[in-house]
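Pasting the structures in now, so scroll down.
Each of the next two complexes has chain A plus one other chain: chain B in the first, chain C in the second.
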Partner chain A sequence: MIIALLLILPLFASIFLFTGKTVQQSKNFALLASLAVFVISLVGGYELIVAPEKALFSNVDLESILGVNLLFKIDAISIIFVILTSLLVPIIIASTDKKEHRTPHFFALIMLMQTALIGVFAASDMILFYIFWELALIPIFFITARWGGENARKISIKFLIYTVVGSFFMLIAILYLYTLTPAPHSFSFDSFYQLKLSYSQQIPLFLAFFLAFAIKIPLFPFHSWQVETYNASPVQGSMLLAGIMLKMGLYGIVRFLLPLCSDVVANGSLIFLPLILFGVIYGAVIAISQPHLKKLIAFASLSHVGIIALGLLSNSRYGIEGGILQMFSHGVNVVGFFLCYYMIVKRTKTDKISELGGIASVAPRFATIFMIIVLANVALPLTNSFVGEFLILLGLFTYNKILAIIAGLTIILVAVYMLKMYQKIMFGEKKASTENFTDLTFSEIMLFVPIIIAIFAVGIYPSFVLQLLQSVVK
Partner chain B sequence: MYAIITISIVAIIVLFFGAFGKKKMILPVIFVGLPLAFIVNLMGWNQSIHYFNEMYIDDNFTIAFNGLLLFIALLIFVFAPVYYKSVKRPLEDIYALILFSLVGGLMMTAFGNLVMLFLGIETLSLSLYLLAGSKKSDPRSNEAAMKYFLTGSFASGFLLFGIALLYGACGSFNLEDIKLYVIQNQANIPAMFSIGLLLMAVGLAFKVGAAPFHFWIPDVYEGSPTLITTYMATVGKVAAFAAFFRLINSSFGDVDFLWKTSLIVFAVATILIGNFAALYQDSVKRMMAYSGVAHAGYMLIAIIALKGNAAGVLLLYSVSYSIATITAFAVLMMVRKETGSFSIKSFNGLAKHNPTVAFAMTIAMLSLAGIPPLIGFSAKYQLFVSAIEQGQLPLVIIAIVGSMVSVYYYLRPVVAMYFTRSIESTPFEAAKLYKKQILFVALLLIILSFIPGLIINLI
Partner chain C sequence: MVMESFSFMQSISFLLLLFPLLGFLAIGLFQKQLNKKLSGIIASAFVFLNLILTFILFWYVSTTNQSVETNLFDWIKFANISIPFAITVDRLSALMLLVVNGVGFLIHVYSIGYMKGDDGVNRFFSYMNLFIFFMLILVLSSNYLMLFIGWEGVGLCSYLLIGFWYKDHANNNAAKKAFIMNRIGDLGFLIGIFMMFHTFGTLNISEVATKVSLMPSGSTALLVITFGLFAGAIGKSAQIPLFTWLPDAMAGPTPVSALIHAATMVTAGVYLVARSSVLFVLSPVTMNFILIIGIFTALISGLIAIYQNDIKKILAYSTVSQLGFMFMALGLGSFSGAMFHLTTHAFFKALLFLAAGSVIHALNQEQDIRKMGGLRKKIPFTFALFAVGAIAISGIPPFAGFFSKEMILSVAYEHGMGMGIIATFISLLTTVYMFRLLFVAFYKPESDAVKTNHHIHESPKVMLIPMAVLALLSMVAGFVQIPALFSTNVNVFENYLSPIFLTAQQLVPASGQNLTVLTEWLTLLIPLTIIAILVYMSYVRFAKDRLPSELSGIQKVMANKFYVDEIYDFCFVKPTEKLSLFFRETVDQSIINRLINSIGNSTLYVGGRIRLLQTGNVGFYLIIMVFSIIAILFFNLIR
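Moving on to the complex of A and B:
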């Protein structure tokens, strides 16, 4: 029931919005629908906290009509991402400014995106998963291409082709797995989990899955679409991409790579972990010298998701738990970060760090909120990232000490580029563009409230999430 | 069987009305006749009746494919009045030829005898040769007819020669007898038999437009009037595939070593050539021609994966390909009417003043590219599953690589429509004529996306 509502509500809202006429009404309607989805997902989360061993389950056998088995299952891992999605989408919708000339289609596409994302996290049938995985591409493609900035068209096509190529590799892997299941063949996750795959079977499977997920996340060296796309996309599109869509790739690692290719992950990690680690350092180092705020966020995100992937593939329990927790935190933090960026750009029409300065003196409320979000990104204790990154590094440390030490360096690098950026933008001399900077209005502050609550709630009391996970991570 | 009779009668009535100059009566007769034939066709469901000493077999496979052919023809006739709006004469010749070729197509799905197969193919092809050249004043249309006729009759020669050799080996044209012969002589198949089978496969590969016998497709598709191209690309291809499938399935399933390798080579070449050649086309019509070639490659996979539910898969794929192709060609007809060109540039900015049409084209392109959740994806995925169950993983990987390539060229019209500005900003005049029909087929495509399971389990 909950699953059905979670999927149908945004889908119908999206269809309804495609026929919408006025922008303001559409926005309000979309906001209302997405808030309803959020409430429903919280109800689902509550049911799982009460009985963590169980999972929300929904199986509608429509194979004879639809050709796919509608098999959904939300367990502790899924619910985290369902809640993340339904938490962030209302914020993203509400952040849209009146002056931006969005049409009702914009909100319809966001709601369609939400349907697809929840579908990805809830599916328990491989083909269903694939369908939602691909479906999520279509709205974000149109959002980026239609409402994006310079060169958005070219960049969105590059992005689309990049990710479609990646997911075709996943399709090959899915079909290969299907042949391995005992007859009558099945696409359900459970039948895949029961397979005892030999090492030689796991290797091609690992490569195909890893390629698909690495492009989506993105991991070095498949990241070339990411910075361009974030930069070209409207800020709502960037939030959707960085906040939620990237998590699809990481979720894929948790769902498929770890349980199905466990031997390859255990033996082969030393081959690809250094590569990912290089990407982490690379992203952080480039972020230090970025003149544009949006690109800085993009490179920072590249670095952060790399750390998450390191944790997940570190083959240790702490790393996996920390990785999953950090996926949630990163989604919240990066959306918060993009929101701050949006507030600045809305007022000053520039995101060049050198043209900004002295904002703190005129906008104290904004300065406080921005500080909290920057510190959450730096992973200060009491913020959400601290717990996740600490567990990841702990997991990495048990796996390989040298890698862990190098990965630990990024904490310093993050602090360098984040605080440097904050200092340049918020303090110092006022520039021409920040002369008339107005502080946040009440409705703008309301956007940040759920993010800040999430930052501190997870940071101070992470154990309720971790307890949920403990039953599933094995 | 009765569907063939119905359609033949309708065609003759159309000719008569044309002769007496009653233009207004022609299309109503067709719009009554085709649904009637559709219903008559359905009445034989689950009965498996044989006619004329097993010359014609009315089993569920026949009925499903004939139903599809009749339905596609009906959809194409929906566009006929708007396409030929400016033509004053009654056009009974064109409509009657389309109907006669449809009769040929209906025979091809149902043959139980190689003679009947040849008869069907020739009925279909001869009408199509004429139809390809039906725009008499256009040199390209004449060129298309000439090319199609020369190459097509050459292929028919191959087919006939193959049939003769098979007859020489088995002493019968009947599919059942050939099957018996195959079972008895499985160990020592004579060379005459294998060569005959190969020649038949070549002839049929030509008719479906599989590489390396696809050279006629781009020129003929481009030169023919667009309505006729739509008809060729859908009815012609689906009928040829149904015939190909029935031939292999009913007689040669046990000697797959004779044909499997060559079909795999055909399929791989077709998928790669079709998709890669489509990348470089500037004319959308030519691109759609190469896309038709590529899809022929995918449909060949259904024949290669013969066992299991390959017939259902072929049906599903035919449905998805045909409806999406009709949608795309309909949009193309409209764009051509307005801008006078098929080039990708003429799609620029279409979404701004004709959002409905742009939406339909997008749906069609995404379906052809196999993007979920549209029916094109279900068709491809069912196809891949059935091939993979027969151990054809490498073939499937090549097919998926082909799909990746195809995403790029299918997106080009979409990108042009939505994200490129056009010079003119007035809505297309032609859109008013085409809008409803195009929306109808696009909605049909969406509805079908929700019932691939029903289609695949039909036969």
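Moving on to the complex of A and C:
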């Protein structure tokens, strides 16, 4: 019931909005619908907390018609991402500025995106998973191509091709797995989990999945679509991409790579972990000298999700649970970061860091909120990312000490680029572009409230999430 | 998150954290609404409440020899990892509580006067209370990860307060430098924590101590753990090679320098090592390393201090030097000696900074001692208080510095005559830079700047009274620990802390030989004679109006702090920036992006040639996608 509502509600809202006309009402309608989805997801979360061993099921048997069994299952891992999605989507919708005159289609696409994302996280059947995985591309493609900035069309096409190529590898992996299942063949996750794959079977499977997910996450060196797409997309699109959509790839690692290719992960880590680690350092180092705020967020994000991937593939339960927790935290933090970016660009029309400065003296409320978001990104203790990154590095340390120490360098680098950026934008004397910077309005502050609550709630009491996960992560 | 009912003492220890947090939230959230005169009073009141609670707890732990353990809630708990939010008040943390809340309260009160009229006064006091909150987490935590919360938290407050006047980028750079240098140490700290968890399966301080006491001395795991923790201490306590942030941190308001960068936060490294005494004594290599770092830091920063002209910079290098002296004591295994010097140093260094702040306040933000002179008559109270601080820090009896230094020196002499002479030399440097400062600023004939300044005024009572209290403490605090030469039964301080360091001392008993009474007298009297000579020479040299002499080569090097900043800039900062540019421009743009684009373009080109694809036709890709989905469904049907 809950799953059906989670999927159908945003879908219907989307269809309704496609037929709509007025701008302001369509925003309010979308906001209302997404808030309803949020409440429903919390109900789902509550049911799982009461009985963490159980999972929410939904089953539409279309075996006779289409040959597929529409099987949905939300367990402890899924619910974290369902809640992340339904928490962030209302914020993303509400952040849309009135002055930008977004047509109803814009909100319709966001709601469609939400359906697809929840579908990905709730699917328990490979066909469904793949359909939703691909479906999620369509709205974000149109959002970027139509409402994006310079070169948006060209960049969105590159993005689409790139990710479709990635999906292609996943498709091959799925079909390969399908042929391995005992007759009558099945696409359900459970039938895949029951397979005892030999090492030689795991290797090609691992490569195909890894490539697909590495492009989606993205991991170095498959990241060049990311920076451009974030940059070209309207900020709501960037938030959808960075906050939720790139979690699909990491979610794929948790769902498929770890259980299905466990031997390869255990043996091969020393081959691909250094590569991921290089990307982590690479992103952080580039962020130091990045002159544009939005690109800085993109490279910082590249570095942060790389750390998550390190944790997930660290062959340690601390790393895996920390990685999952950090996926949630990163979604919250990066959306907060993009919101700060949006507040600045809305007022100054520039995201060139060297043209900004002195904002703290005219906008103290914004300065405080931005500082909290920066500190959450810097992983200061008592903010959400600290626990995640601590567990990831602890997991990595139990696996390989040298890798953990090198990965630890990011906690220095992140302080370097974050504080440098904050100082240049917020401190010093005012510049021409920031002369008339107004402090946040009440409704703008309200956008940040759920993010700040999430930052401290997870930072102070992460056991809540960790204990929910411990029954599933094994 | 079940909170069991607390006993009286447990509730008190919990309130210790709650009060400053409330102060921070109350002042921080209502910055705009709150009257600027009120915020200082509110902030001070919360710390005062804490001070009362501290006295109760101190009385409890010192009379009963029990510790108060309070488990607040499970912070990180799953599988076999359990890190609660739990606090412990034992004798060591009670001592730190006294220092933090006592000195903290006095500096809060002083700040009411010092920060009067500043636009950001509410912000200032909210940060100050936040600092007290994190500092108390640091000293109260019963496990290393929670200690790390406080550790990074005080670093954050330090960052915020150094860059308090953020319109000037010099301040912001200093703040950023402090945070980043601390983070370098913190990485070491984290690695130590990882290794600790890996080795012992727990991060609880007392459990770790119990488990480690069964281990053989000098194992690799212990080496990694202790080096990691000490790396953290190097960053936080500004030791070589991470000491350059502390002098720059003087960009913050002077009360901040007194509280954070002299009395409390920077001593956290000493506290950490003392807290982990069992771990450290079982790793002799680390102990020797600490000793060497301590000696070099104390020596080099003491030499630099002699050639500085900024009143706060002199005091900052002095702090670095005194911290080095404390680490030297730790390296020699004298944990209570280090803690004793930490305590007395908190009193007289805070006093010196506050007095310096009073001078700066009187001279409208002038910090260059060459532009002072003759202040003895202009601001006599400040002068008297400053002089008390200078005498105390120089180790002149019967002020507090004499006793704490003597405790460390006697350990050094027991260790060996060479070590003793080095320690004495380091402690004599204090006299040189301190009395140079005193004579130049207060005795030398008035400089032109002072002569033309008609607004020089003594500070208000709200500033002078806290200084007077600190001066009193600097005079009498030493009598709790009198050198064995004079009396063998006044060991209040050592006895108070002995239960804490008992295990460490049993594991590795002090190896030093006892000195003859004659040697002891000599090691006491010769330095005192030299101090007297040095004071006299300083008076002759600096109190008279003489043209400053040209600096010789080596002096110039010292005045330029051995060019350490420049070396770091050349070795680390510049290369990182270059690497960043190289990654951004060359690797990312010219190699990776171009490669991907050319793969894409060539595919499109080939595709266009065989008329299968049309460049940029999105519809086509979508159709491919839909078809592939249908294909799977179809595949499924016909299997």
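The rule is short, and it goes like this: the second predicted complex is superposed on the first by the 472 of 474 C-alpha atoms of A that agree within 3 Å, B and C clash if a C-alpha of one lies under 4 Å from a C-alpha of the other, contacts with A are read in each partner's own complex, and residues count from 1 in each chain.
Everything that follows uses one rule, which is that a contact is a pair of C-beta atoms (placed from the backbone, for glycine too) under 8 Å apart; a residue touches a chain by one contact, two chains touch by 3 or more.
Computed from a prediction, not measured in an experiment: that's the story for all the values here.
Residue contacts after overlaying the shared chain place A:V164 against chain B and chain C alike. Of the two partners chain B and chain C, more chain A residues are in touch with C.
Using the contact criterion defined above for the overlaid structures, shared-chain residue A:H185 touches chain B and also reaches chain C. By the touch criterion defined above, A:I172 reaches chain B but does not reach chain C. In the superposed model, A:Y130 lies in contact with both chain B and chain C.
After overlaying the two complexes on the shared chain, residue contacts for A:I452 are found with neither chain B nor chain C. In the superposed model, A:Q470 lies in contact with chain C only, and not with chain B.
By the document's definition of touching, of the two partners only chain C reaches A:L394; chain B does not. In the superposed model, A:R146 makes contact with chain B only, not with chain C. In the superposition on chain A, chain A positions 66-68, 127, 130-131, 134, 137-138, 145, 153, 157, 160-161, 164, 168, 171, 175, 185 are in contact with chain B in one complex as well as with chain C in the other. Listed in rising order, the residues of chain A touching chain C in the complex are 66-68, 127, 130-131, 134, 137-138, 141, 145, 153-154, 157-158, 160-162, 164, 167-168, 171, 174-175, 184-185, 187, 221, 223-225, 227, 282, 285-286, 288-290, 317-318, 321, 358, 360-361, 364, 375, 380-382, 387, 390-391, 393-394, 397-398, 404-405, 408-409, 411-412, 415-416, 419-420, 423, 426-429, 460-463, 466-467, 469-470. Listed in rising order, the residues of chain C touching chain A in the complex are 1, 31-32, 73-79, 81, 123, 145, 148-149, 152-153, 156, 159, 163, 166-169, 172-173, 176, 179-180, 183-184, 186-187, 190-191, 194-195, 197-198, 576-577, 579-581, 583-584, 587-588, 592-593, 596-597, 600, 616, 618, 621-622, 624-625, 628-629, 632-633, 635-637, 639.
Within the complex formed with chain B, the residues of chain A that make contact are 62-68, 127, 130-135, 137-138, 142, 145-146, 152-153, 157, 160-161, 164-165, 168, 171-172, 175-176, 178-179, 185.
Every residue of chain B that touches chain A in the complex is listed here, in rising order: 366, 371-373, 377-378, 381-382, 384-385, 388-389, 393, 396-397, 400-401, 403-404, 407-408, 411, 415, 418-420, 450-454, 456-457.
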